[in-house]
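Got a structure for you, questions after.
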Amino acid sequence: MAGNSFGEVFRVTTFGESHGEGVGVVIDGCPSRISLCPEDFVKEMARRRPGRHPLDTPRREEDQVEILSGVFEGLTTGAPISLFIRNRDVASKPYEILRRLFRPGHADYTYFKKYGHFDFRGGGRSSARETATRVAAGVVAGKILESIGVKVMAYTLELGGIRAREINLELIEESPFYCPDPVASERMEEAMSRARKEGDSLGGIVEVRVTGCPAGLGEPVFDKLDADLAKAVMSVGAVKGVEIGAGFEAAALKGSENNDPITPDGFKTNLAGGILGGISNGAEIILRAAVKPVSSIGLQQDTVDRKGQPAKLKLTGRFDISAVPRIVPVLEAMVRIALADHYLRSRAVTYPPEVVA
Amino acid sequence: MAGNSFGEVFRVTTFGESHGEGVGVVIDGCPSRISLCPEDFVKEMARRRPGRHPLDTPRREEDQVEILSGVFEGLTTGAPISLFIRNRDVASKPYEILRRLFRPGHADYTYFKKYGHFDFRGGGRSSARETATRVAAGVVAGKILESIGVKVMAYTLELGGIRAREINLELIEESPFYCPDPVASERMEEAMSRARKEGDSLGGIVEVRVTGCPAGLGEPVFDKLDADLAKAVMSVGAVKGVEIGAGFEAAALKGSENNDPITPDGFKTNLAGGILGGISNGAEIILRAAVKPVSSIGLQQDTVDRKGQPAKLKLTGRFDISAVPRIVPVLEAMVRIALADHYLRSRAVTYPPEVVA
Amino acid sequence: MAGNSFGEVFRVTTFGESHGEGVGVVIDGCPSRISLCPEDFVKEMARRRPGRHPLDTPRREEDQVEILSGVFEGLTTGAPISLFIRNRDVASKPYEILRRLFRPGHADYTYFKKYGHFDFRGGGRSSARETATRVAAGVVAGKILESIGVKVMAYTLELGGIRAREINLELIEESPFYCPDPVASERMEEAMSRARKEGDSLGGIVEVRVTGCPAGLGEPVFDKLDADLAKAVMSVGAVKGVEIGAGFEAAALKGSENNDPITPDGFKTNLAGGILGGISNGAEIILRAAVKPVSSIGLQQDTVDRKGQPAKLKLTGRFDISAVPRIVPVLEAMVRIALADHYLRSRAVTYPPEVVA
Amino acid sequence: MAGNSFGEVFRVTTFGESHGEGVGVVIDGCPSRISLCPEDFVKEMARRRPGRHPLDTPRREEDQVEILSGVFEGLTTGAPISLFIRNRDVASKPYEILRRLFRPGHADYTYFKKYGHFDFRGGGRSSARETATRVAAGVVAGKILESIGVKVMAYTLELGGIRAREINLELIEESPFYCPDPVASERMEEAMSRARKEGDSLGGIVEVRVTGCPAGLGEPVFDKLDADLAKAVMSVGAVKGVEIGAGFEAAALKGSENNDPITPDGFKTNLAGGILGGISNGAEIILRAAVKPVSSIGLQQDTVDRKGQPAKLKLTGRFDISAVPRIVPVLEAMVRIALADHYLRSRAVTYPPEVVA
């Protein structure tokens, strides 16, 4: 109801603020007997962490994931798994000005309208810091998916208007922007440098691919797999659009072009992006998310104070030039969470041999 | 869990198949003392009904909405409102071939994989017929929104690759495609005629605008207003993409271009599309949905039968050339339902004067 | 949220009023490929129907269950099953006085306070008529349970202060009160006749037994099987108490008396009533519900009108002397619904072989 | 779905084990601007803590509640409130034998059947330690209730077969058993001493009273206020029965005795226990819970090991003689949580002036 949970069976509930004690997540509904230890989180947390790239925010978050519950002798028990990531390098001084002024593009204004009170230190609950818990939960979801052979991989398709032309999945981790095209990656680097000098920020597009997904995941009508993936992805702060398969391009196609013919070996094409009628069809699932440029910029902006009086705001804190590289593991995590949830859901409602007439 | 419900407070649960007794919806959580009668549904049901345009499917559905419960002496009682639309003109003969073959682009294949059994007559549960119940529920949601001055309006922005250049909201109802640009509307008509002759189908883009929405609707983190709108819209069968405000174009903008400056009179621009941090900011809410071309076409297609053997399929039933005109009131309805739900939710969790410290 | 749904996977949503079009239920989450036809409901609907006993309310409800959706060629499809029972013999004249006066013991007063408006004809939504839909949903739940060998049986343990001393399950259907003790049943008959002459009503206690339930159903902490059974049973209008196993008698026992010793052949005793730590242990599940006397009586009562002015009320409509015989199939149905739901839930969250470390 | 959450709007999700890092709770849906600090929890945590009475378990838990999120500058922000209680005095040696043997009366057997793996140290998740988080969440719920004048108070009505005859609410805190009758309290003390010498344990009955509750809380049909209170109370480990108002005694009453006459000044009697048709009627809410004797006893018991072989078990750890005194604040907390949730729910769905026809 209050919006901090996602999923029906594999249900994650996140909590915490950017400048409080830390951020955390409770996962209720993870099956028992899955191996889990703090080291499992290290790689993904590092991928999301700032500082991977020289242009990233200089804030040093170690992001150690502490397992507070749900694991015994190295295995999940079926009890809720609580993960906590303590905030360490918290400099809240630069945020004092935000006690008075709303930052354009941020949630300050709307939180104040909704709650009559808000934690202005770095956005509090609305900070991108919150996504650390999504990545942590995504690691657990990934373990469930791994057991049935499902793999989720995301990369930067576009950054600052520069688009990857070749998709070489093996080169993703070598790019500071998780870009699968080395040439585009270099040009993205230049665009980032330029934006930093200008005190400005950049947006981009991230593509997510899911392989090994069995047919039959997703529920009809409202909880279609694509509908829940759209929600999962759109719930990440900077995302302003999402599309599946051919997406917006499908609008200009004819039925004879857009329908994927079915053959004994599977679908001949994949414009549907792996989902038909809201249910996975066994083909690769493909989606793209549009990421807006970071709202915190070094340029002076027009805004108002809490009393509605006009004001000028020039932010001096540390911030990323683009959300794009760091959002890649977050979107992977959200897709993993949504898929793990739908996989477990399908076990409950898909027709069981024992009740067949 | 099984996916046929939407909303947390204003909760709609739909049921029914295209060739069964009818389709219906139960709305649980509608406040009491709202006037409601069968006539309230006539206009919106007619807008969704085929036959509005000569190129639409010739099936004549009268779509009379019967109120089975929840209304007494012309007012809602707070009890669940059940609405039922009986199927009338049901010709299921042409569908007999579908007992064996999966239609490309449709849910036949995935439903069969998921349920081991499915109602092949016109798609059964996966038919667009199901959207009639969304429109009916949207009428009730609209009454709640009306009481707080919120208006939702949708129109065809693009059809068969032809885009509306001028947006004249007053001309929408005069176009057979709900297109706000009369010149584009005529060209759309030609494209539709051409597609019909070719036995093919067309896609398009629908834009939805919400005016009068107060600031503060939407919950943070997962149940962001844009995330729930994305889910609401993506849950409609033919939709393959959704974007809010600047949407995918935001990916190529800089922060200084994309941030909407705040002034004492409101936001100077509206690239955010009326939502910041997942919560409405009081500006107009704008979203667009990409609609794929109708999957049922008159051309021969490759497919397989239930045993996986290759087959040729040429559909001869009646079907729309494009989902676009008829999907317009459906998308309006889904946005209304999502907004009414978030409005009622906000009453539960937004800070109440009586508990203020 | 608005309270008309029960269950997480096997989710029933009921609607309808005693004097409107009818009452109905949507079941979302029933697995596909279960045989279902209108005849399946006949027996249970007849068991709940008034008129089985000469002292029952003379209202003749035929209670034919119409399947509006979710079944194709005699099998469930996985789509929502909608069942509708049309109201037939509706005499609303005697209820006109209730437009002004609140009936003591009924929901009239509280509904009016909550909704500012209510359907006073026979209680509208709060009428026992609503339980017909529970019985119908229970039939579907029973089919799922049957497939795994679970049986639910209820009977009248006490009526008007007269308690069954011998429990002969085979004699239940021979008693007009579903009483397993023929001697007690005769004395109950006398008590009922006496109460009728006095214009008064009687309460009782119903016992429910579940055999064949596998160990492992129920979730820990809040959704314990006993907690959900308690809610299921207490949600039936006239129920004022519920106990599991030894129940209130356990309060006076010592641990050495109350603990059921475990043996290689199962539990030596069953004071726990088949549930340990909220999870079924494989033994028989036993619960009892206290049923208050029917609130509608023929004697004059003190009440107030809608404006709070004192008034005398003497009801002249038709009403049961006791809820007890008719509530027996209703409680069976609720226990079936709760168990079917927990069975399907357990398929989602219980540890799966494929993810074992 | 996995059972560790309770409530729809004021939603608590608990986590943690008796011998892990600690136990905690996330509260999602608490309105903003409520004052909250760690000191607010001290009193209620102390009331639940063992060691209050010489016969209680000697385990010294300090039970300091740490606020991990959701509070800023002393006020709730509307973001999820996470509370954590670190385990301190954890002696897990005596539990080693439980790696092999199931304790009669405990959840060991059923958890093992359900999860194939369980945390046997003191029951892990099924330990009464989990109730500490309920008490902490109850403190927050209490703040919401306080703002509308609702008070919840519980006491021991019966312990070891000894029943309080006089109910003097002012003496509750003076009794080590929260017994409102000093004479009965002394006899309870003797019974406790006797049981301890015998290595046995005792059960009891707790009564809960709610004053100041406005009419209109509770939803019809399934989420009746009494149904949710029954679930809330029955979800506490040792509870085996619950009754509202006259409860099981109502079964032997006549309608003329059980109906509470309505007068201009309210209800003349209160056999309904403050709830009619599942909705609060403004009168005092009264319920009672049957508490079984503690399952851990010092006497030798028959059981089996994980392989089903017979075994003898004699527990030597520390344990309470009765759950009763410590369960009193837990039941108060659960009733507070259920009421706060229904109060916030009623704000969402009760008829609003702005939509009245």
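Every chain is named by a letter (A, B, C and D) in the order it is written, and numbering of its residues begins at 1.
Convention: a residue touches a chain if its C-beta (ideal position, glycine included) is under 8 Å from a C-beta of that chain, and two chains touch if they have at least 3 such contacts.
Keep in mind the model is a prediction, meaning the values are calculated, not measured.
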{"item": "Furthest chain, CA centroid comparison against chain B", "value": "D"}
{"item": "Result of counting contacting C-beta pairs for C-D and A-C, higher pair", "value": "C-D"}
{"item": "For chain C paired with chain D, centre-to-centre distance based on mean C-alpha positions, whole Å", "value": "26"}
{"item": "Rounded Å distance, chain A centre to chain C centre (Cα mean)", "value": "45"}
{"item": "For chain A, residues that touch 2 or more chains besides their own", "value": "1-5, 8-9, 14, 29, 32-33, 75, 78-79, 111, 114-117, 125, 220, 345, 348-351, 356"}
{"item": "Chain D residues within the chain B interface of the complex", "value": "1, 8-9, 29, 31-35, 74-75, 78-79, 143-144, 147-148, 220, 344-345, 347-352, 354-357"}
{"item": "Sites on chain D touched by chain C in the complex", "value": "1-6, 8-9, 14, 102, 104-107, 109-111, 113-117, 125-126, 130, 158, 160-161, 195, 198, 200-205, 215-216, 218-224, 226-228, 230-235, 237, 240-264, 268, 272-273, 275-282, 290-297, 299, 301-304, 308-310, 345-346, 348-351, 356"}
{"item": "For the chain B and chain C complex, residues of the former touching the latter", "value": "1-5, 8-9, 11, 13-17, 20-24, 26, 28-30, 32-33, 66-70, 72, 75, 77-82, 84, 111, 114-119, 121, 124-125"}
